[in-house]
Amino acid sequence: MTKKIITLGEVLMRLTPPNGLKLEQTSTFDLGFGGAEANVVASLARLGWHTRLITALPPSVIGEKALRTLQQSGIEVANQELDGRMGLYYYEPGFSLRSGKVIYDREFSAFATLKVGVINWHSIFEDATGFHWSGITPSLSIDLACLCKEALEVAQELGLTISADLNYRPTLWNYGMKAYEIMPDLVQYCDVLLGGIEDSEPVLGLPVEACTSDQEVFQLWQQKFPKLKIITTTKRWNANATSNDISALLWDGTILYESKSYSISPIVDRIGAGDAYMAGLLHGINKWSDSPQKAVDFAIAASALKHTIVGDFNWATEAEVLAVLHGASGSRVAR
Amino acid sequence: MTKKIITLGEVLMRLTPPNGLKLEQTSTFDLGFGGAEANVVASLARLGWHTRLITALPPSVIGEKALRTLQQSGIEVANQELDGRMGLYYYEPGFSLRSGKVIYDREFSAFATLKVGVINWHSIFEDATGFHWSGITPSLSIDLACLCKEALEVAQELGLTISADLNYRPTLWNYGMKAYEIMPDLVQYCDVLLGGIEDSEPVLGLPVEACTSDQEVFQLWQQKFPKLKIITTTKRWNANATSNDISALLWDGTILYESKSYSISPIVDRIGAGDAYMAGLLHGINKWSDSPQKAVDFAIAASALKHTIVGDFNWATEAEVLAVLHGASGSRVAR
Amino acid sequence: MTKKIITLGEVLMRLTPPNGLKLEQTSTFDLGFGGAEANVVASLARLGWHTRLITALPPSVIGEKALRTLQQSGIEVANQELDGRMGLYYYEPGFSLRSGKVIYDREFSAFATLKVGVINWHSIFEDATGFHWSGITPSLSIDLACLCKEALEVAQELGLTISADLNYRPTLWNYGMKAYEIMPDLVQYCDVLLGGIEDSEPVLGLPVEACTSDQEVFQLWQQKFPKLKIITTTKRWNANATSNDISALLWDGTILYESKSYSISPIVDRIGAGDAYMAGLLHGINKWSDSPQKAVDFAIAASALKHTIVGDFNWATEAEVLAVLHGASGSRVAR
Amino acid sequence: MTKKIITLGEVLMRLTPPNGLKLEQTSTFDLGFGGAEANVVASLARLGWHTRLITALPPSVIGEKALRTLQQSGIEVANQELDGRMGLYYYEPGFSLRSGKVIYDREFSAFATLKVGVINWHSIFEDATGFHWSGITPSLSIDLACLCKEALEVAQELGLTISADLNYRPTLWNYGMKAYEIMPDLVQYCDVLLGGIEDSEPVLGLPVEACTSDQEVFQLWQQKFPKLKIITTTKRWNANATSNDISALLWDGTILYESKSYSISPIVDRIGAGDAYMAGLLHGINKWSDSPQKAVDFAIAASALKHTIVGDFNWATEAEVLAVLHGASGSRVAR
Amino acid sequence: MTKKIITLGEVLMRLTPPNGLKLEQTSTFDLGFGGAEANVVASLARLGWHTRLITALPPSVIGEKALRTLQQSGIEVANQELDGRMGLYYYEPGFSLRSGKVIYDREFSAFATLKVGVINWHSIFEDATGFHWSGITPSLSIDLACLCKEALEVAQELGLTISADLNYRPTLWNYGMKAYEIMPDLVQYCDVLLGGIEDSEPVLGLPVEACTSDQEVFQLWQQKFPKLKIITTTKRWNANATSNDISALLWDGTILYESKSYSISPIVDRIGAGDAYMAGLLHGINKWSDSPQKAVDFAIAASALKHTIVGDFNWATEAEVLAVLHGASGSRVAR
Amino acid sequence: MTKKIITLGEVLMRLTPPNGLKLEQTSTFDLGFGGAEANVVASLARLGWHTRLITALPPSVIGEKALRTLQQSGIEVANQELDGRMGLYYYEPGFSLRSGKVIYDREFSAFATLKVGVINWHSIFEDATGFHWSGITPSLSIDLACLCKEALEVAQELGLTISADLNYRPTLWNYGMKAYEIMPDLVQYCDVLLGGIEDSEPVLGLPVEACTSDQEVFQLWQQKFPKLKIITTTKRWNANATSNDISALLWDGTILYESKSYSISPIVDRIGAGDAYMAGLLHGINKWSDSPQKAVDFAIAASALKHTIVGDFNWATEAEVLAVLHGASGSRVAR
């Protein structure tokens, strides 16, 4: 596993009120760092992979702090140092029927000023086996959308496995273009795609009213994006801010695999659960290349464990994920 | 909504062990302020009302601190500055089958020395539309019982909407009078009453053995207190210290409205949940004066949200309550 | 109740990450002290007993700190002061399907160097009515196994009620002897035994494949250890790291008593729940000597409450246990 | 004192590592709010004044939180609600020879987008007796420089006492204009001016090489800005991050008054010490209008106390300042 | 040293804002227990003495918590359990020229209701060698003044060494009697007296204008109270809230001994420094009965160390006090 | 600067009571990692060097946590993974005349079981320019003393610059050999030596009674260890636990250079100040190879800054050290 998985994405500082307080109430913040793509490679690093994150952090103490945190998580960072601010977000965890809240303060960040033409993708991808990106990056600016395209072309040329998470956040797409005007052109490069059924029309421009099952949606996607080898989505039900049941579907073009399902109560921190799924899936399809069932089961177990861990990153090891996969309920204290 | 809702009540300092510790174990306290009546107007202020609290705080740093906290919550305070101590209570939250505990240290407080004749009620009520009180105040001293009466007479004279919460705490009525010797004389002024069925005999002096339904109890109350236009009570079941289901009943003299019900798990802080209900109800019957159903649904949703919020006060906004009312389960992270 | 219950056991410092953090994430530890046998007498002290713990703490500040903590819990400590380190363990609480973890760092402790021949057991037991020990102690060294034997002989000679908890931790038995080579020789002295069905073969050397019920296992044990008057075990189901249901069985040689069962959600801290059961049982069989049913019900209620309390020790009072026993669900705030 | 002192300025969120940690080390932040002009009116409010702050906060939870904090401090806020981010700064306190650090992240804030023409200054100043501004505001944008001018013209027209603090931060003036190109045009309206001798050339465009004393500098200023009635500056020596001695000079056009001096060790928090001085001075010249000596002594004592108080605001009361002024050394515990 | 030193006094809960915050600013409290007389015996216990505290704690959780804290400090408590509240005080530490503050909330406490005639002093004093009291107790109520007298008579009858600290707090003497009307009658029983020169007139009724030296004051006292064998006082200079120099004087009727002096910077917590001195003196005059110089040096070194320790109690051991006495400056890290 | 400085040493977990509490008082610990040699390379990494630490951490979560902390500090770790415990130490900071305390619990650690013959020194030193060791390592076991010798022989063979800090801790040398029986054989390989004059006899076996100056001691050392090119020592005076003055001496065989001196008050954390000096010196003699004066000035400024930083490691950058060196007093807030 010496070949690396590479990703591109913004890293944000995360400020969270402690002890269940609302933002209105708190006089302190817990401090962390995260970001959809960084979360995927942090999780992959924990699962034993070599990874590299292309990002842009400012040369401030806060930027360096982000860098150290990423490195401590075993991620190699190819930092395009740029002046500017460090994006941040406030996360107020929810409880029971009180929803969690994310309030972004990420505009005008250093990362948001990244432009095409400055990154040597051939060099970046030299030791890579895969490239992962998410819909967050092209949602931030037209330049970043172009940057994704630039990266994807080289990645495809070099034969990397390309994966993406649609990660649709309607409030982010506010520079003038709609997601469906940008994303299809980027998704066409992908081998592996994680997305929600409900994102089909707004993100891929593919209305799903006519579809009578998830499988038909996946088939529609594959028709539009014939390079796709794996399409996957996660499901959540019996859900409030503190507990939910989860499972996942994986379509490999032939068979629709349904994962095991897990009940999680309490949810300690739901941020990054989708990213943990993505990382688990990339790990799973590499490790059990002949068993999509094992891959999707591993991925959903990884995501389930993430729900119990504070912060954006999934600190669960492969052994811990496998234990859950093999039936561990959490009831035994490991001694 | 420029007319104010006025209340009268004691404000207590609240000392809570952090992190689930028992009082026996803790070496720090989290500090807050609250009180049944203050909680109602804090919640009303959050829902957009102008409110005024008549209370008596000592001119100490702690008294000033209470004052600032109330003002920060948007409450106008008509403080009858009096020497004396600041009442306080220890609150040890419960978990699962371990009950929460409230230990009062409120005797000899400045508020407890308030006397009739010193408050200019006509001036206090000048810009008021409603007056709210609770059974806590007359339980503290005979002087305070008389003060309630004094206020109620002026409030009635001025045509204010008068509301009350019976709030029966047997351990508080210890100055020689029984609740049922005092309370009926005060309840007769009320238009809106919140109380428990089980309080009927000890507080109102009305035995309910003969009643075969909640509605019959409410009819009994209305017979005794013909001014009552709305009688309401909350129900709790499947309950332990960490989770319960709640709903409410509202009787308008004609129809018994039953609210939606909510399951809350985990309960983050149950103190003030009844006060949040009362505030939600006052807001609801004002906003949807023709729909008691909407009013009671809003009130119970407000109370449900309060269970998820640390402290005595309900920080939920009208929009947040409405979201729950319209079906939000808490499962979505608001971005 | 002026006669004492005596125990022998190691006291460990406990280091726990706060706020649900994993060990990998924390930058602080909450600090406590505990140990299987100390937990039993701390709980008994809270229930009103006089107790004495024989242990060996080093004369360091940390050793003294342990001593003060034990004394504050009402335990008399007969400390065999020995140079050496203080054993410790890291406890990472689990959540939902993430298991809790205990990582021991107890090797080479002062206690582990205790030898036979230095403790004057006749003097130690002078004012005793019972002696309790657990399988932890003989698992630590051959010397400690011999020390248990030495104590048990004197305890039997003096007619004390002898109780034991098998407390089987496979990772501890690593000095060369297997548990089943040591434990039967010690269990033969016992009047009261707490153990798991699954420990029968590895700890007692008694395979249970042929048994068709728990009762048959208990009968097998009693056959092998005819001095046993009470055999008891606890059951757990619907279990993950945050919630479980519990009950217990008690066999008095004639009848199999099944306790009430309790659902606990959330579990605040499961460490010491078995020790709380043991203490509850010793208290129960003393208080209701003619009613094993009451004893086992009290014991399981005590254990249930322990699950809701932070730390190794059960801070629940007899009144609090009785309240649960009599049906209190935790839903009322005690005022 | 029912007439108000009005100010205009940006409010920033402040994030501070606790316990002496460097930004590189911390995993939590203490949270506060402040800003040069807000600090002045917070301090004035504490001294008994009615005050009003014109600022622009976004309608986010963080913006509301800032608003509540200001109101809790007794400041009336005339908020020009504007979309945009909330400016913030990181403050790493210094110790001994390690300097404190302020890292701004205030660009693109809601306040920075304020424009001329939208504020009704005549209405804002209706109940005012004074207007205070500082050099921070015109340093942020040309629009804000114009806004200051707009306010100053009306303030002068209405006969308000106008005060200013030069507050020169070279790193802020980065929109193309130099301070000396903007500030003189604004300072000409002032009656009271606080500034450093070293700011004369870069801020006022007045080189001081030829001056042989502070008094000559003040005379130079007064020559250039004949409206100035009081010019004042603070002095610091024997200074490191934890201790310094301070005093102040006040020039009333005739006499140079030198204040008492105070040694402060330790400095608990130096942020806002100049603003506390300004507030103390405005209070002093109002209270002892015939004694500039008393005014400057009061102001420096207020500033000295601020050094001992956490956060941007000076929580010292008039009585506490007077106690220091009258010789209290801090050695007595007030009971 | 098996004979005990006995004392009588109230124990208060202490609530302190953390991290240098003022009471106005804090949202948490650090929790402790203390009291002038309890502090003396806690310190004596740490120095190896057996001690007993007669006090009155309510049977609440908070009362029990106080009891456990005292016991953990090695004090035997003869608790006169009485209903009532637990007295408390807020302590805001000072810094530099900001004074510390103590705000009492101790009225109506259980202890304040103690009456004469209920304590069996002969039994209490059975194993005693000394009795210590302070001027706090008689300041609280006339009953407590009488109780002191009652205790003193028995103590004298039994030949105990009687010591007292005048501990004059003008704000406490508010039940109608002046200190000088009560205290002389109690001081006449004393062998050892700690007091301030400035207390002579208000507490002992002895004006000192005519005295030209401390020694003359002490001679005056001894003339009035001929039983006094040792009179001592502490001196403080170069003092602010964070640093001071201290020394002490001891008059044995013949010679005036002046102790070493110590500079303390920073003062971590000054509360209890006088009590630590008293304990050090009682220890010193017992250990070096022929060397008042050694006794007073030990006492002032103990008090100096207390200044560096958080809380009311002096946790310094005899070895640590002796190290300071023998010149340790604190500069070496003890390994 | 691509060539690395290599070191060998044990890494310990550090547990510190927060907020000035004594170990007796605390209920939490702040958690860190450090060790004399790790501290040197952490500091060098911060100054821009590539470094490598040879150590032995166990494969536990705690071991991994240590590893991550080291990597986050920019140190490359050549971990000889060995079963065993992780050594730890308790650090109680001192204040004023209360000394700080270090209590080791490092016996039986994984590192202490390291043996000769298993480390491929030629490979470890391949890209090295220097090797640093300290007297801590050979003090732990005879095996570790031999390991040092083994490393030193290869380092010398490869022409590395060899530096050492005598770091004499009498309590550590307890495996049977005296320091002076081991250390001279290791010091003979050194080019750069940091040590205290008072260590000459116990560590180097060289009595200094006959020496009349520091220079004579250094000459004595150089005579005995002719390979030494630089001998250096630090001086401390006016010292207590919170403040001291420091300077250093450097002898290059010809001239005795005396560094600038710095007053530090308050000392935030003195642990690692010597290691910060060593790192500063290695950096200084490399950067200013022709100016021992600059090197020693830089080193003492680095050490001074370390006194103001929490934890074992010196987080000061080269720019921050240079600022102090150029006269920055800490009094300016850097904006």
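To keep things simple, chains are lettered A, B, C, D, E and F as they appear, and every chain counts its residues starting from 1.
Please note the rule applied: contacts are C-beta pairs under 8 Å (C-beta built on N, C-alpha and C of every residue); 3 or more make two chains touch, one makes a residue touch a chain.
Everything quoted here is computed from the prediction, not taken from an experiment.
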Intersection of the contact lists for chain A and chain C: B, F
Most widely separated chain from chain C, with each centre as the mean of CA atoms: D
Far-end chain from chain E, centres as C-alpha averages: A
Repeated interface matching B-C, over half of the contact pairs identical, chosen among B-E, A-C or A-D: A-C
Cα-centroid distance, chain C relative to chain E, in whole angstrom: 43
Chain C: positions in contact with at least two other chains: 18-19, 24, 27, 30, 68, 101, 266
Chain contact graph, described as a line, ring, star, complete graph or other shape: other
Pairwise chain contacts under the document criterion: A-B, A-C, A-D, A-F, B-C, B-D, B-E, C-E, C-F, D-E, D-F, E-F
In the complex, chain A residues that touch chain C: 18-19, 30, 262, 264-268, 304-305, 307-311, 315-316, 320, 323-324, 328-335
Interface residues, chain D side, partner chain F - complex: 19-22, 24-25, 94-102, 104, 169, 171, 236, 239-244, 266, 270-271
For the chain B and chain E complex, residues of the former touching the latter: 15, 18, 23-24, 26-32, 60-62, 64-65, 68, 85-86, 90, 92, 101, 103, 105, 107-108
Chain C to chain E touching residues, read off their complex: 68-69, 71-72
